[in-house]
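Take a look at these structures.
Each of the next two complexes has chain A plus one other chain: chain B in the first, chain C in the second.
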Partner chain A sequence: MISILPTAFIFIASALILGFLPRGHIRSTILLATPVLAAWHIWNLPVGIFSQVEFVGQTLDMMRVDKLSRIFGLIFCLAAFLGNLYAWHVRDLIQQVAALLYAGAAIGAVFAGDLITLFFYWEGTALASVFLIWARKTEGSYHTGMRYLIIQITSGVILLAGTALLYRDTGSITFERMTLGSLGTWLIFLSFGIKCAFPLLHNWLQDSYPAATITGTVILSAFTTKLAVYALARGFAGTELLIYIGAVMTLFPIFFAEIENDLRRVLAYSLNNQLGFMVVGIGVGTEMAINGTASHAFAHILYKALLFMSVGAVMLRTGTSKASELGGLCRTMPRTAMFCLIGAASISAFPFFSGFVTKSLIMDATANQHYPVIWAILVFASAGVLSHSGIKIPYFTFFGHDSGLRPKEAPIHMQMAMGLTALLCIIIGVYPDPLYALLPYEVVYQPYTMGHVIGQLQLLCFALLAFIFLMRSGIHPPEIRAVNLDVDWIYRRLVPTFYNIIHVATVKFFTYFDSVINDFIQLTIKGLYKLLGPETGVSRMRGVGSMVVWVAILLGISLISSYF
Partner chain B sequence: MATQTTHHVAMTLADHLPILQVLIPFITAPLIVFIGRRELAWPLAFIASATSFLIACLLLSKVIGGGVISYQIGGWAPPLGIEYRVDAANAFVLFLVTGIATLVLPYARYSVGAEMPQRTQTLFYSLFLLCMTGLLGVTITADAFNVFVFLEISSLSTYVLIAQGSYRDKRALTASFNYLIMGTIGATFFVIGLGFLYMATGTLNMADLADRLAGQYDSRTVRAGFAFILVGMGLKVAIFPLHFWLPNAYTYAPSAVTTFLAATATKVAVYVLLRFIFSVFQPAFLAETSTLEIIFYPFALLAMFAASATAIFQRDLKRMLAYSSIAQIGYMLLGIALLSETGLMATILHLFNHGITKAALFMGVGAYALRSKSTFYIDLQGLGKTMPWTSAAVVIGGVSLIGVPGTAGFLSKWLLVQAALEQGYWPISMLIVASSLLAVIYVWRLVETLYLSAPNSEQPIREAPLSMLLPLWIVALACIYFGFETDITLGAAKAAAQALLAGSSGMMH
Partner chain C sequence: MDPNKTEDKSTLPLLGRFLSWFTKTENSNKICLALVALCLALFLADFTYDKHGHFHIEEIPGFYGIYGFFMFTALILVAKVLRTLIKRPENYYGDKAIDGEDYPNDQLEQGSK
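Up next, the complex of A and B:
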């Protein structure tokens, strides 16, 4: 057995030495060098299982290298590099250490060959990442971070419970493909689902990402959910349930993203929607679909980071990310605006941008396996993506009505980070072959066929048209009421009404679900306090008399129980 | 029947280790009083407990492979004479008791100095050694009545030790009085139970008892005896509804006393319970009664949840830890109830791991009490910055209390979950995990208070003295060390569980 250094240790080691270095450029340089070193390390790894460790009678595989783990390892290194470059100006040691440990834990989890190792790193990502939220040091971010931590730790605990049950059933803790059936596999599935922000388990994402620091959000957006995507792809590829879960995931965030005013929250919703595409790909489970998922995750990390970066740069300069307070910033932040547009084009899957070559893999895989309804939902969701991420973000920030703000252009290191990410988005879009070569399975796929390009352009144009129409009509509502309607009533009244009903119902349902859960928790805590709080009930100080009564009761019970 | 030893063979000092284990602190205690000099009290007590610890290590190393050492006092052969018997189960407990005592004493020097007037300090060390003698005697003896005698030695000295807290808070006196009443009821019940057994068998040697009981499990006398012993010892263990003495006793006792009691006293009581349930009575007896279903499962689960939830709502850190101890007792009872080798291993391991975990936490609390003059959360705010070393060690203890992987607390909970799954009781394993989440909440409250709240008082608070930090850090690091190095703890727990499950045959050779 060849032993090689687990890649995660590179991150952990440099996080350890970081504290001993003087603050300033040296630390920032280490932050950049670490992911580069790690990426080089991963690039040179042979395929196989390495670094086995004995722990409490179990063999832990610290490094399982195959093509699936390698591509996720590489993109995580890349994301860490870009995120740290973007955060070059940050001098807060806690954030820097947290970012390194977070990336290290995510990469460690990707290479984990067994469920115990996975669990360690799984909790590691939770613990490290919460400091990126707390680093904002506001009362709100503290509570948000707390909620985030509880949910993430719970996910880990469920994973551990599932592992224990699985070990009992099968006698193995190897992390390989599972079939849903036993309680253990369901628990593991649930644990992955929480991290992957499945519908109804998703709230932590929209809650926490917009609450983190500017640079923290960029880093957060890359790892946790994609780690869950990787785990699902490894463990539950081809589970049909995932197709439906994924389809719902692509749909419902759209409605929320459309009405949300905070742009970072819009991006969080659209992140959720993009995860849906990947989950559908995992559910389909064919080689092409898994390729699609892996490549989409790769591209997605880049363009989502790019969008968060551009909104973050705006926030750094203006102090807000509210759509209603922004607008017209392209005059003074032209380069940020351009990068944002590239990110928007990528997420909307314009031809020659990264989203196009990766999303079409998933769409085609879905169509090939004969899921027409799912395919239609994905098409609809693609249009939704364009509307809220592709247009809404750049339009309200950089164009639209002029807010009168004239901020400076983003700092140079942020521009470099954004520029580099934007460049990668375009390179992948124009020349996808190197990315395809990294994918877990061999790719025989040509994204630039006439059909694909025209189909996608049609979709994009119509979505664009719809947005313009809505904007226009939104600005001049009286004009609509005056219009005489004929057969066009169907698409001018019926379809919008129908859409409205679905929209309202979806929003209502999810809001109601939240409030029910919240009420339940509140009531339980109040009840428990009444029962067990310091002044009342169990913990009240007792006289000898009542203690003796209990002794008598227990003696009675135990006498009875020993006679029967 | 007991072992066949040739009498009057020259014995070396090593053969006398079992009696020396008890004798050294027992002799030193009055010696301290006779000498009566305050400067000498602490060194003598420390030497005595360090020697005991050495002896316990030697004994443990001899029996960890599964052997048994039998020692006859005065050369009188059992069942007539009193026998001391060391096997893996009690050697492990001896190791815990003497180890904790040896660490608490250096810690106590400063802490006791600050919490008690000078004139009582000499007596304090004497009482401390007596309490330790009692606990060691209870653990090592193989004579049922001798258990009672040593139990009284440890209990009486414990009542006085707890009352010493009255210099800090007068409520220590009521706490001590309540414990005196409850402890006496417990001891009385225990001795009544022994009386029943003696009536049925005419013997008091445990192995002999086990042999003679084997034929008469149906006897009402025997069954009543079992119930009395269970409840009597249950009071000492602080099984959930019998726990009311514990929170006050732990809260108001001096810090060093709380540390020692929390880490050892209830653990020794759990050991006695194990010994009686499995060696004197045997697993076969348990199978005939429904004690496990009616008492152990429900009350263990109740303790895990009710006591943990109560701990969450406390305002005093010391009290919170006391409730958490009651919850942890629940885990140990659950391990017994599962009636399997893994379950017993979990109980024995948790007994040890929880002992060192709680020792670390209570030592930290003592350091806070020393510097901030209070153990209420509101007065501990922001101490993470002013007392960084103490707080870091407390956090390690807290993490081990939750049972985070990589700490001692994880291993025993993991074993317990495994034991529950072995029996196919997966809902119970879920409950174990769920109740650990409650521990996350109360430990987090502590972390939040220490690190994330703004300091409350204006005056500067210094770090605790080195003599307190050093023992604190040794136990804190032990919490991590025993999370990775499992040979000693798992090995001892496995040997102990096997010996206990073998019933009286485990006591024969």
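Up next, the complex of A and C:
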């Protein structure tokens, strides 16, 4: 057994020393250097299983290195670097440590070769990331963070339960491909599904990401859900159920995103929709599909971070991310607007932007396996992506009606982070070969065919035309200040209301019961009082004379009775 | 600033002046026409090469365009109906959500151009 340093330890070590360093640029530099060092470490790792340790009678594989874990490890390092560059101005130690530990835990989980190691890091991501929400330091963010934490920890507990059951069935805790069947595998599947925001289990995502700090959301957007995508790709590739789950995931968020006012929540819905594409790829499970999922996760982390960054920059300058309050910011924040447009073009999969070269792998893999309905849903969902992320985000923020706001351009470090991310989105789109070379399987695929490019451009441009038609005719729904109900209504409103009703009813019942008992006791006491109290005849004082009379009468009666 | 007032464009950055061209109502017709022309060109482009998709439906000229246009419209219409069902006031969840509260000022770096 060769022992190598687990990559996660680089992040943990940095997090430990960070507090002892002076505030300011030195800490921010460490935040940038750590992911660079980790990426270099991952890049030079040989393929194989390393760093095995004994733990309560089990062998834990801390580092399982193969092409699938490597690409996720690398993109997590890249995301941590870009996120920390974006957060250069943040001086809050808690957020800085949380960002490092969160990235470290996610990378540790990706390299975990067994389910116990996976569980530890799985919970690690939950614990570290919640501080990015709480760092907003408001009442609302506290409650949102608690909801987030409960759901994330539950996912980990279910994973542990599944692992225990699987161990009982198979005698192994190795994290490898599983087939749904036993309760253990179903529990593990459910645990992954919670973190991957499966339909009905998804609402923690839309609830919590808009509640984090400006920089925290950028960091949150990269790790948790993509870790779940990795775990599903590792454990459940080729599980047909995932195709249908993924298709629903691409579909329902686009409707919610369309009418959502908070742009960071729009992006959270959009993130959910993009995860759907990846989940479909995992369900299809062919080499091409898994390549599609891995590459789409890679590209997605970048353009999604870019979109969150641009909305975050607007928020930093204006104090809001609500579409109803924004508009026309391209005048004074033109660079942020351009970066946002590049992110929008990438997520919408315009040719020569990153989404195009990665999503088409999944689409073609799905079509190759003859799933016409799923394919049609994915094409529809692609038009939907254009609608909320491609049009809504840039249009209602930077163009559209003039809000009258004239904020300053984003700070320089934010521009650098956005610029670098935007550049990567374009490079991947124009020259995808280096990304394809990183993928788990060999890529024999040419995204730039005439049919592909024309087809995709037609889809997007005609959808754009539909948008203009709907805007001009006044049919397009306006941006209004409101919240929309989703599944979280069940646990945020219905259950508390139900609980309240039971609570009130119980209290009322016992109060009534109490009063009935009370009344009964009081009545009894009053009755006895009336009967035997000092006012009654029984208790009246009588003179000695009357007693003598009564004794004489009694004696008389007994005397008379003795004669008969 | 008051959006109805004409502002001095020369104070805007060059890129900002360029992008603000797209926001003017008098230019929206030009943008619209350009997009229609582009869509027409893309539709005609379908006749210039051999289409061989995975499914027969892809071979219909302009399939992606038609599908995109109608599905996009359907999406918006369904979303509008959905809104009438699930829309609630911003403070619906009270102080247990961030929707009704302002982002803390000390974490912002606001400022006007």
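We take it that the second predicted complex is superposed on the first by the 474 of 564 C-alpha atoms of A that agree within 3 Å, B and C clash if a C-alpha of one lies under 4 Å from a C-alpha of the other, contacts with A are read in each partner's own complex, and residues count from 1 in each chain.
Keep this in mind: a contact is a pair of C-beta atoms (placed from the backbone, for glycine too) under 8 Å apart; a residue touches a chain by one contact, two chains touch by 3 or more.
Everything quoted here is computed from the prediction, not taken from an experiment.
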**OP:** Once the structures are superposed on A, label A:L528 by its partner contacts, choosing first (chain B), second (chain C), both or neither.
**Re:** first
What is the contact status of A:S561 with respect to chain B (first) and chain C (second): first, second, both, or neither?
first
Checklist entry - Of the partners chain B and chain C, which touch A:V157 in the superposed model: first, second, both, neither? => result first
Of the two partners chain B and chain C, more of chain A gets touched by chain C
Counting only touches as set out at the top, which of chain B and chain C does A:E287 meet: first, second, both, neither? neither
- Message: Quick check for you: in the superposed arrangement, does A:F119 touch first (chain B), second (chain C), both or neither?
- Response: first
Which superposed partner A:M547 touches (first chain B, second chain C, both, neither): first
Overlap of the chain B and chain C interfaces on chain A comprises residues none
Seen from chain A, its contact residues with chain B in the complex are 56, 119-120, 123, 142, 153-154, 157, 160-161, 164-165, 168, 183, 528-529, 531-534, 538-539, 541-542, 544, 546-548, 550-551, 553-555, 557-564
So, in the complex, the side of chain B touching chain A is made of residues 178, 181-182, 185, 189, 220, 223-224, 226-228, 230-231, 234-235, 239, 241-242, 244-245, 247-248, 289-291, 293-295, 306, 309-310, 312-315, 323, 405, 411, 414, 417-418, 421-422, 426, 429-430, 433, 436-437, 440, 452, 486
Per the touch rule, the chain A residues reaching chain C in their complex are 89, 136-141, 143-144, 207, 210-211, 213-214, 254-256, 258-259, 262, 315-320, 328, 330-335, 337-338, 364, 367-368, 370, 372, 375, 379-380, 383-384, 386-387, 398-400, 402-409, 411, 450-451, 454-470, 472, 475-477, 480-486, 492-493
In the complex, the residues of chain C that touch chain A are 1-3, 12-13, 15-20, 22-23, 32, 35-36, 38-39, 42-43, 45-46, 49, 51-55, 58, 62-73, 75-80, 82-83, 86-90, 92-93, 95-105, 107-113
